[in-house]
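Below is one structure, written out as structure tokens; the observations come after it.
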Amino acid sequence: MRLHEYEALDIFEQNRIPVPRRELVSTMHDALHVAGEIGYPVILKAQVLVGGRGLAGGIRTAQNEDELKEAADELFMSEVKGMPVRKVLVCEKVDIARELYLGMTIDGYSGKPVIVASTEGGVLIEETARTSPEKIAAIHIEPSFGYYPYQARGLLRMLGIEQKMITAWSDIIGQLYHIATRYEALIAEINPLVVLTNGGLMAVDAVLEVDDSALSRIRFPLPDRVDRIENPLERRGREIGVTYVDLDGDIGLISSGAGLGMASMDIIGQTMRPANFLETGGGITADLLYRCMELIMMKPDLRGIFINVYGGINPIHEGAKGVIRYMQEHNVKIPVVAKALGNRQEETWEIFKSGGVHVVTEAATEKAVDVLYKLVGPGEKGPAAKSLR
Amino acid sequence: MSILMNDSTRVIVQGITGRIGSAQTHWMLEYGTRVVGGVTPGKGGMEVEGVPVFNSVLEAVKETGANASVFFVPAAGVLDAFLETIDAGIKLIVIVPEHIPVKDVLRMRSYALEKGVFALGPTTPGILVPGMGKMGIMPASLFQPGRVGIISRSGTLSYEFAGILSESKVGQSTVVGMGADPVVLRNLADILELFENDRDTDAVIIVGEVGGEQEEKAAGFISRKMTKPVAAYIAGRYSPQGKKMGHAGAIVRGSTGTVAGKHEALKNAGVAVLDSPIDVAKWAKKNKLK
Amino acid sequence: MRLHEYEALDIFEQNRIPVPRRELVSTMHDALHVAGEIGYPVILKAQVLVGGRGLAGGIRTAQNEDELKEAADELFMSEVKGMPVRKVLVCEKVDIARELYLGMTIDGYSGKPVIVASTEGGVLIEETARTSPEKIAAIHIEPSFGYYPYQARGLLRMLGIEQKMITAWSDIIGQLYHIATRYEALIAEINPLVVLTNGGLMAVDAVLEVDDSALSRIRFPLPDRVDRIENPLERRGREIGVTYVDLDGDIGLISSGAGLGMASMDIIGQTMRPANFLETGGGITADLLYRCMELIMMKPDLRGIFINVYGGINPIHEGAKGVIRYMQEHNVKIPVVAKALGNRQEETWEIFKSGGVHVVTEAATEKAVDVLYKLVGPGEKGPAAKSLR
Amino acid sequence: MSILMNDSTRVIVQGITGRIGSAQTHWMLEYGTRVVGGVTPGKGGMEVEGVPVFNSVLEAVKETGANASVFFVPAAGVLDAFLETIDAGIKLIVIVPEHIPVKDVLRMRSYALEKGVFALGPTTPGILVPGMGKMGIMPASLFQPGRVGIISRSGTLSYEFAGILSESKVGQSTVVGMGADPVVLRNLADILELFENDRDTDAVIIVGEVGGEQEEKAAGFISRKMTKPVAAYIAGRYSPQGKKMGHAGAIVRGSTGTVAGKHEALKNAGVAVLDSPIDVAKWAKKNKLK
């Protein structure tokens, strides 16, 4: 779960990382009031959960009331990368001498947390990593050993940081690692970490992504996870316990695994256009697939449905019952094609067929997708392969 | 023959008394797997599918001579049970459950490596050796004995590839799910190495997906060490972007685990990159695999 | 720092270990009121920081008001092992089926925390360990590995605990270890841990000793450390930063190390009787030794003073200045003998001599003690060797 | 010759810029110790007593070839600096400071043992090799070169015993303070073993005290392995009871670390138990030590 910047800044502040004065607002009136209290110039930052917000116009500076009115007006009317801006953080504009970078993530390949620091922060940090690798240093932390401050000092020496800055930097690294540990963060990042003209360090941005699997055992207050999903269909997916991603096509998809779902999308996308990605994981029941059908059918103008499930851990015959119950109760007329293999496959086929589902018994998803394509054609929007990256 | 599992593999099922644990024990036994015991603390003395249940792994090992374990334990209890299993001397562990906190996986991985234990998962369908046995949840009907090895990050896609091969009369030596989590207990290259050294495997298929850098790192291993033909499919070409690991991830890796990046690395290592799963049949035919 | 039982029980309760209903009282009036609320029978437990309190009469049962009055009266009038009873814990008397033992300490030799459990708890636990070792089991925890619940289950199986009790027991072990870690405990102990007649487990006593060296970094509220020292001289020692133990003799002692101090006591005790043990540690200054002199002179009827210091880490010439300044200002007439060797020893000897201190320059403490003995003789109480263990 | 320190020992002083660190550096240099550098983060580039100061241990090791370190670091910073020192490759560490939390000492001990580092303390006066050098705070005037080894739990009592021996014209090969804390980084038996294997040590004196079980465990080692004469003095006979480790401690150990218990164990191992420090002179004479 990715926290909003304002939520992460609060947590950073509670853990003694210096952050700017700021307040969250959701109206122009409040923005004016807060900016008056903080004092101009101020920075307005759209609180949307997307990366590259700055380059997409989500961050604005206002030197005075007029500029603030204009900037806030535009922000509240805008979308940043498709996300509507409902909340804006009004921040003190600090005097920056230099921008640095500090981040922590999990290196999946080595199976260790990694701390990354750079003497050049800001939006182009990934570019810096490619062009000037000497400006970046990283250290891995052994899980059974833990983090100690001397590791941070070593990291900073690798970067050639002046000795007088090392204590302040390494204190912030320690605090960031502490936060990452307590919140079971997959990412904890400060970009930029700035050197103020008075010599101090400050985190003027904050990223914190908490491990979803650990949410139930984190002892600190966290925002509600479902509430923050903007898209109502995706929110519904989370509520019923499946992964749903909304897409712009017209073919509904239900799969029983993420890899299978992605491959199904890749294959569908060659000739048609998926309306969604839906992955059930290992918890299929008749009720769950009933709700999945309900969810994908919320999308208007669906032309067909593709179901791709395996009976490994999942009782697919139960799932089939849920699908046809929905179809019968709601009189589904669009073609539904199902590929269902594995344990109890024959039983599953019979159930699907009894409800009017087109069953494919071959292993290759391509063949099942072909069956659907022959029933519904390319549609008006054309194949996804043409427009998606 | 096979990798990881063989004739002398004696399996215990942890969490055997649960709904999934008992159902999967049924399927494993039906497939001929030597399931010698189960463990659920507090349920010792019971039987599930005719298999004796013990209160602790140590007891199960002592009583049954088990040397491998498959987990159907609730996510919150996996770390503890995993450490217990290693301390009891088990050397092969399959972690089927999903949603295990990454922090726990890091600890599990570091301890398993320290103790020389081969562990797969989390979120893995396990291991299946066609005609011999299986540890995990792979549905037996899709597999046929043969000489092609499969390693998959995705459970369901491993079935898909085995199914397509079986339909084309190409059998499998061993099918291994390495687990779908961002951190897994063993990396792709470690499993490739086992297949490279297995005299009953002629070729290997990697079923990968967008995100992470398993495939990129494996490409390095393949170009340095592999002599057997390797094919690879990477799912997620048109998918919404995979789990983004922030700038830090991108900086450390130098790429963001894109499908294109993986394709390039694998092609440079001499791997046959498959555009679509069904292409695996053609590739197998071209390489005269069976 | 050893916590009082009532303080430790509160911490145990906050950490989800079942404990009896109870309240702390310091007057008979309150004792009656609390007992009425809890309901008879109740147990009265003197809150004194000594071991073996039960055998010394510090724990009483009251079936009714009359018995409570009598017991509370006696407790508040009494001393337990020399400690006056100022506070009494009134506890619910629970129905006990069986007494168990659970403790955690640091095994200094292996350098690991050790968890000890027994199927027989109570005041005779150490006896049980000698006579029935099969009723005791212990496991060591590797510091770099940490504690996990399966270790507790293994420990309990070693003891042959019935399976149905294992979850409740191992939960309490986990909580106790958790408390010990958070509070940096050197000892965390429940004796007895009781099995109630309803089958549940409960901690009816609680011991928690916190590492003094870690006090400043423990994030949880802890009682003040100096306040709890009953003896005013010992409290004053703690305030000025030295270790002072009050004894029953008439020879004052100042030493610059614990080992040297103990050896000095052993040697003095052969012919005379020490009035105190005072050990400065490595922080000697002129001021500190001035205050040490002030402290040991608070004891009435002192017949002589023995100073035994080494100049290793300590500037003993500075210490000597403090001693003679005190002697001059307070016109000390009793003999003072000093052995002071090491860095700057000649300078130190000159300072001592200038203030009238008898200086011994030989290495053996025995010779310096002999000098003092010749000046003051055995005294009325005779040598400590005769009466101390 | 000596144990732990020898001709090729190159010492750095951690916390060299502090009041005690700089004073003790003076005394160590004056005694002829090869102090090649000091470390205080943030003070790199300074000099203390003519010795260069570095910001990190790694830098100090690289620039000076140091292989040993003595600590005058504030207690709260010792754990971190200790791990840094081990990672920098130093193999002999003396921890002079007192009041280090036990939890930190456990971590330090476990890491030092894992990495094969010999560490002494906390709360130790250090090591002194008469006539050659010293790491720590022992006051040089009390020591004389010779062939008797001393190991002491107490700092000041090590000086006392060395002083009495020196007055009796009996010199010391090496004097080692093992540290006065309830948990120390190396146990008594480990140091005894070094003396047993040192061809320039003829006999060893153990200066112990009430509490703990170092002497009892050492007695086991002595009866199994030691061939050289050993004498022991245990301080605290008339002392208020030593730190009580609760029932758990007593149960684990089976004794409470009493003077009487230690005397008995040592006597049974053939150790000459001294009633009073001054008796060490007689014992040395009887054994013709020098």
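Order of writing sets the labels: A, B, C and D. Residues in every chain begin at 1.
Just so we're on the same page, a residue touches a chain if its C-beta (ideal position, glycine included) is under 8 Å from a C-beta of that chain, and two chains touch if they have at least 3 such contacts.
Quick caveat: nothing in here was measured; it's all calculated off a predicted structure.
Any chain bridging subunit A and subunit B, meaning touching each of them, is among C; the list is complete. Counting C-beta pairs in contact across B-C and across C-D shows that the higher total falls to C-D.
If each chain is reduced to the centroid of its CA atoms, subunit B and subunit C end up 56 Å from each other.
Remark: subunit B and subunit D have CA centroids separated by 52 Å (rounded to whole angstrom). Separating the centre of subunit C from that of subunit D, both taken as means of CA atoms, is a distance of 27 Å. The multi-chain contact residues of subunit A, meaning those touching 2 or more other chains, are 144. Chain contacts: subunit D has no residue touching two or more partner chains. Chain-to-chain contact here is organised irregularly, matching neither a line nor a ring nor a star, and falling short of all pairs touching. Listed by chain label, the pairs that touch are A-B, A-C, A-D, B-C, C-D.
In the complex of the two chains, the subunit A residues touching subunit D come out as 148-150, 153-154, 157, 163-164, 166-167.
By the touch criterion stated above, subunit D contacts subunit C in their complex at residues 20, 24, 27, 75-76, 96, 98-103, 105-107, 109-111, 114, 125, 137-142, 152-157, 159-160, 163-164, 166-167, 180, 182-184, 187, 207, 209-210, 212-214, 217, 233, 235-240, 244-252, 254, 276-278, 281. Every residue of subunit D that touches subunit A in the complex is listed here, in rising order: 41-42, 44, 55-56, 58-59, 79-81, 83-84, 87.
The residues of subunit C lying in touch with subunit D in their complex are 51, 101, 103-109, 111-114, 116, 118, 125-126, 129-130, 136, 138, 142-144, 181, 184, 186-187, 189, 191, 207, 209, 211-214, 216-217, 245, 247, 255-260, 262-263, 265-267, 269-270, 274, 277, 281-282, 310-313, 341-343, 345, 362-367, 384-385, 388-389. Listed in rising order, the residues of subunit A touching subunit C in the complex are 144-145.
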